[in-house]
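Shared between the two complexes below is subunit A, which has subunit B as its partner in the first and subunit C in the second.
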Partner chain A sequence: MESVLVAQALNALFAVAVLALIALGLAVVFGLLGVLNLAHGELVMVGAYCAYVAQTHGWPFVAALPLAIAVCGVLGLVVERWLVRPLYHRPFDTLVVTWGLSLLLRKCAEALFGLGYQSINEPLGGTLDVLGATYPRYRLLLIAISIVVLGALLLWYGRSRTGTRIQAMVDNPDLARALGIRVGRFAAATFVAGTCLAGLAGVLIAPLVPVQPFMGLDHVLMSFFVLVVGGLGSTAGLLTGSAVIGGVNSVVSAVSDSTGGYFCVLVLAILFLWLRPSGIHARR
Partner chain B sequence: MRAASVGTWRAAGVAVVALLLLPLVAGEFWAYQMSLLYLYAIAALGVGLCWGRAGFLPLGQGLFFGLSAYLSGLALIAFDQSAWLLLLLPLAALASGALALLIGTLVFRRRGESGPYFSMITLALALLAGQMANNWESVTGGFNGLKGIPGLPGLDSFIAAYYVAAVALVLACAAVVWLYRAPLGVLWAALAHNERRVVLFGFDTNRLKAVAFGVSGLLAGLGGALYAPQQGLVTPQLCGFVLSADLVIWAAVGGRGRLLGPVLGALLIGALTSALRDSFRFWEITIAIVFIVIVLAYPQGLIGVFAPLERRWRQGRRALAALAAPPRRQPGGALRLQLEDVELQVGEVRILDKLSLAIERAGVFCVIGPNGAGKTSTFNLLTGELRAQAGRVRFDGLAIERRPTHQIVALGVGRKLQIPSVFAHLSIADNLGVALWSGRTRASDLLRPRLRRWRTPLLAALQERYPFLAEAQRTAAELAHGERQILELALALLGEPRLLLLDEPCAGLSPQETAQVIDVIRWASQRSAATIVVIEHDMSLVRNLAEHVFVLHNGRLLAQGSVAEIQANPAVKAIYVGSEK
Partner chain C sequence: MTDRFIPARRRVLSAAAGSAVLGVGLPSFAQAKEFKIGFFIALSGPAALFGPTQRACADLAAEKINKAGGILGRPVKLLFTDAGGPPAETAKSAVRLMLEDKVDLLIGSHDSATREANIATIKSKTPYIYSPVYEGGECSPNVYCLGETPPQQAQPAIEFFAKEKKAKTFYLIGDDYVWPRKSNEQVKKFVAQFGGKVSGEEYVPFGAPNKFEEAVTRIKGAKPDAVVSTLVGADNVNFNRTFAGFGLDKSIARMALLLEENTLLGIGPENSANLYSCMGYFANNSADAPKSFKAEYMARYGDKAPQLSTIGADCYAALNLAKALFDKAGAGASSAKLMAASEGLAFDAPSGRVTMRGRQVDKDMYLAQCNGTNFEVIKTIKGVHSGTACKA
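Up next, the complex of A and B:
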């Protein structure tokens, strides 16, 4: 009995950790730059296909990580320069343009890999005993990675000079520019960091999900709802949002079906829009 | 407003004849292809209405198309060839419209959100609908869809189905033309660019947007209801993401800002897609790139190519006779205004600190005070845009703190904002129209295009003073700064408010223009017996205008009285040391 409880707790922890990892890139870009990157899910998809490419070439799984960072980094640079930067003062058009980009990436994936589902082998097989429950080792590793990535990013953002400059840019771009901070370059770097995080998350979840061109849609929606519920611009918000959305989705899906879970997440997001439009952890 | 020109009618006639002749010229294959595209075009019209007109982007229109397609398919199967279908198929379309109206009401309810939230929720709803259609096998037939749907009674051939779709498309276009010509269409265009200003004219913009979304749902529903009998098969893909995305692309590439843009997009791209999809592997990638380029660089879309032609047609239009507008629906006379111990704090900043003041008669009142005294915040409080933490705000004894802005304004409040915020992309006539409709219309009036011919004696008098106000077809964007200030003032006056709030009406004006504005304010005050409250920094102007002056300092009322009393007041002198004029 106890082992079942532990397994359920680990499942919930896993769901929250993975959701936080996927939402992180969107949170960075939306929270710091105010740009809702609707192609975020497709960048996760690109990351997952990097894992697929590594597997078909017989490379080790770990090789997919630098590959994904390279591909998504270049994509991020190009997209920031040519699509996002001209539109920084037109947030609505950024939404539309990144939506077009998501379409483009999906169609490219379709043209390159076809519509079929691909599966990626888990790089770390087997299970581990945790307090009497047996749990897949790869999932435990993912939980650990998620915690480490989030923690490292948080620490760096709070302590480093670059982090402070980015905070200055977010707070008041004009003043930051007047102080000699290269706002344009930091914004570009922030955007690229967001796309790389998306690619990274894509590689890591690839062994656990069917990889196909349409997989990004769900991820961008869930990530967005995490931010709606949690609030923008803080790690606490990201974690609370992931906990609420991931928790509700997995509990309701377990009780009824995935449609029910989806429906509840939507209702929750609309309720938050009415009652707490800036989320649980409002920035100001 | 002007009548449609001969050119417009001629073009519409040519289009209808082309629709009628197409199956005879192009053959049955293309007639079949086009009849499907006509239904998609009807749904794309709705996307254009929301996005191009009202300024919010629905990403999940497939939901409404699919819902009514399923309902219509089920009805056709259950009542094959029965007369009931004449009632049930329109009901299927209406169900989609009602659902869209409901969703719009729910999402727009609290904050006038037109950005990512709305788009993401509609996208999520479409995905949810696709899932439900997939899983609910007993009703929807699951993944393989609803099969063997019979055609419309007596209209079963390809050619008949073609004409049904063509007639539906023409009717849908006509309905949308009607809406765009009615005040509702003008208000949609106005709120897309400056929602706050429309609210300050007393319109419930959240409801206007919900109605726009409802209409778009109805249009998608009409397409869906006819899709089922035409295609004989309804699958879950219809509700989901793919059709929703195509509709947005068609609207953008064709040109979302004009009536026929989305139709052109749907027909052209749809036809090219069915011709090229199999032979040209990168067709869909090309379309995605075209979409991005259009959004970045050419928002008018393909229909923008015809803009010069359209301008030539417009010249043939003649103006329609003016109609006298009815009086305001609220009683006239000055509005009694009381603030009692009002406290207002935003974040850490205390803006108003137990502010109390009362204005109980008509006349011109000035509010002065150093920057940060809380003058504009007091105006925002009076129009309900800021909420006081404590204290009372009463109009004619009625507490208004809990009411939404558009209701407060409807009690007879007019406001001119500090920065001129006329609707730059609308014509002067439409700008004036929005102000005239304020307080004079019921919801149903907004559907009557004749309201665009309304005139009032006040408008005639204003046009006599400022002839540029009669240049109906010029857009407000073409006006110089001084003219915009005058237009903004005219808009505030035209609603004939009982309480008129003017925030620095002379900011940025030349001495002559300032003199003119003062003249108009005095003239309006004599004509209307309204209470006029002016925020002003310029003491010479205050001396000229004010019957009574309130001095605010640090969120409190420091002093009040006649101009002479204020100037003699030692406390006022103390805060203005060195800045007295």
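Up next, the complex of A and C:
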């Protein structure tokens, strides 16, 4: 019984960690640039297919990480320059453009790889005993990676000069420009960072899920709920949002069933949109 | 999702163009009125994975039928229509096919929720053949069902688990809609029949972004001897991968009621130990009929042929049933006459010759164990009754 409790606690931790990892790219782009990238889930999908390409070529799993950075980075550059940049400050138009992009990416994946499910082998198989509970090693690794990535980003963003400049750009682009910060270039870099993070998250979750062109839809929805609950523009918001959405979903799913878990997530998202639309950690 | 926005007319046009090409070299058909069949397959949504093979198998059957003189001497024309969206959308397309295209027959390869919406809309005015695996019990007038039912799939599998694997406790998990729930009602009867007990039953929301860590942990705590999955598509893949990831595959046997070649490819060779499926057709079956069907399919479509599975095979069988049924009942037959003609009607399916009884199909069933991403048939059960007998 105890081992079941430990395992369910680990499940909740895993749900939160993975959700934060997947939502990170969306949070960066939406929170800092105000662009709601509806193609975020499809970039996760592109990352997952990078893992598939690496596997079919017989490369080691880690080779998929630079591949995903390259592919999603180039995609991000192109999309920012020709689709998103002309539409900053026109949120609805960016919404439509990125939605179109999501359709295009899905169809491209379908044309390249077909609609079938692809199976990616776990790079780290087997289970580990944690306080009496047997837990898959790869999932434990993912929890660790998520903590390290988020921690490093939090530190870097708070302490580095670049982080300060980005904050300046977000708070007041005109003033930042007057101070000699190249706002356009920072915005492009931020967008590309967001798409690369989505690709990396895609590689990391690929061994756990069926890889297929439609897989992105699930992830963009949950990531969006994270931002609705947590609020935009801060790491604390991302973490709180992931903890609330991932945690509630996992705990309710463990105590009752998945229908209950999903129901609570939807109710939470609706309540927040209704009563506290800027989320728990609202930016001033 | 996207295809829903493409005007249906254009899709019909492309299908018509395809048929026109097929028509070349068949001058005798020039004057005959086409035999129009509205064919529901998944062109969009998560089930679109099956679309290519559904279409390829249906086209293959239509080409063969047209070479042999068509249905009632009329060339067959297939109007492929999307059934991948919400059931109500598909039902609207059914109305259009009946009123605008004036189809002679409707064939559906889609989920049970869509079948119920379609039947409520068609109201037996047009004959309707429902081809895929389903929960059984469909007896609406002028509806003909081809797919495997729980008495054909679950009964032999649970008997095997109970007698040969000594399984006493069973855990049921499925998607939350009509097929899994109605199938599990019957599964529970079979479990009781073979002296077992159901130690848990749960459903996940259909079409939601599901994850299965919590359910798998719960199953681990319940310690069943076997798990019966009525999850479909990506949920089935996801569940089985998580299940094996947690290391439960070694100690707990699994069977799934909709486990075919595509799904098994997604589950992957690392996660398919101790996993079973019971179907009327497997693509690698080496018996004569399925082997020659596969050869014909591969010859027609080459290396790029969509993955064959029971879903496509049943689309092929549906057209053969259509030919046998209409040719026997004769032109202008009423629904009562068609239903009477269907009783005891024999026709060719990819798995061999089958017979329709009570507007369902009795068939040979194959219980297979997964080995990597292959199905290895370990038991053949001859002539299993569908468990449903509708009045003719």
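For this structure, a couple of remarks:
As a convention for this text, the second predicted complex is superposed on the first by the 270 of 284 C-alpha atoms of A that agree within 3 Å, B and C clash if a C-alpha of one lies under 4 Å from a C-alpha of the other, contacts with A are read in each partner's own complex, and residues count from 1 in each chain.
One rule holds in what follows: contacts are C-beta pairs under 8 Å (C-beta built on N, C-alpha and C of every residue); 3 or more make two chains touch, one makes a residue touch a chain.
Because the structure is predicted, anything quoted here is derived from the model rather than measured.
If you put the two complexes together on subunit A, you find that subunit B and subunit C bump into each other. Contacts of A:G58 after superposition on the shared chain: neither subunit B nor subunit C is touched.
With both structures placed on the common chain, the touch criterion links A:D257 to subunit B and to subunit C.
When the shared chain is aligned, subunit B and subunit C each come close enough to touch A:L103. Shared-chain residue A:G180: touches no atom of subunit B or subunit C. By the touch criterion defined above, A:D218 reaches both subunit B and subunit C.
Of 6-14, 96-104 or 240-248, the segment of subunit B whose C-alpha atoms clash with subunit C in the superposed model is 240-248.
Shared contact residues of subunit A with subunit B and subunit C: 103, 107, 214, 217-218, 221, 257-259, 262. Note for the complex: subunit B touches subunit A at residues 55, 57, 59, 106-107, 109-111, 113-117, 119-121, 123-125, 127-128, 131-132, 135, 241, 245, 248-249, 252, 281-282, 284-285, 288-289, 291-292, 295-296, 347. Those residues of subunit C lying in contact with subunit A across their complex are 2, 45-46, 48-49, 51-52, 176, 202-205, 208-215, 217-218, 220-221, 234, 237-238, 241-242, 245-247, 262-263, 265-271, 307, 373. Residues of subunit A that touch subunit C in their complex: 1, 4, 7-8, 11, 14-15, 103, 106-107, 114-122, 125-127, 134-136, 138-139, 208-210, 212, 214-215, 217-219, 221-222, 250, 253-254, 257-259, 261-262.
The touching residues of subunit A, when paired with subunit B in their complex, are 36, 83, 86-87, 91-93, 95-97, 99-101, 103-104, 107-108, 110-111, 214, 217-218, 221, 224-225, 228, 257-259, 262-263, 265-266, 269-270, 273-274, 277, 284.
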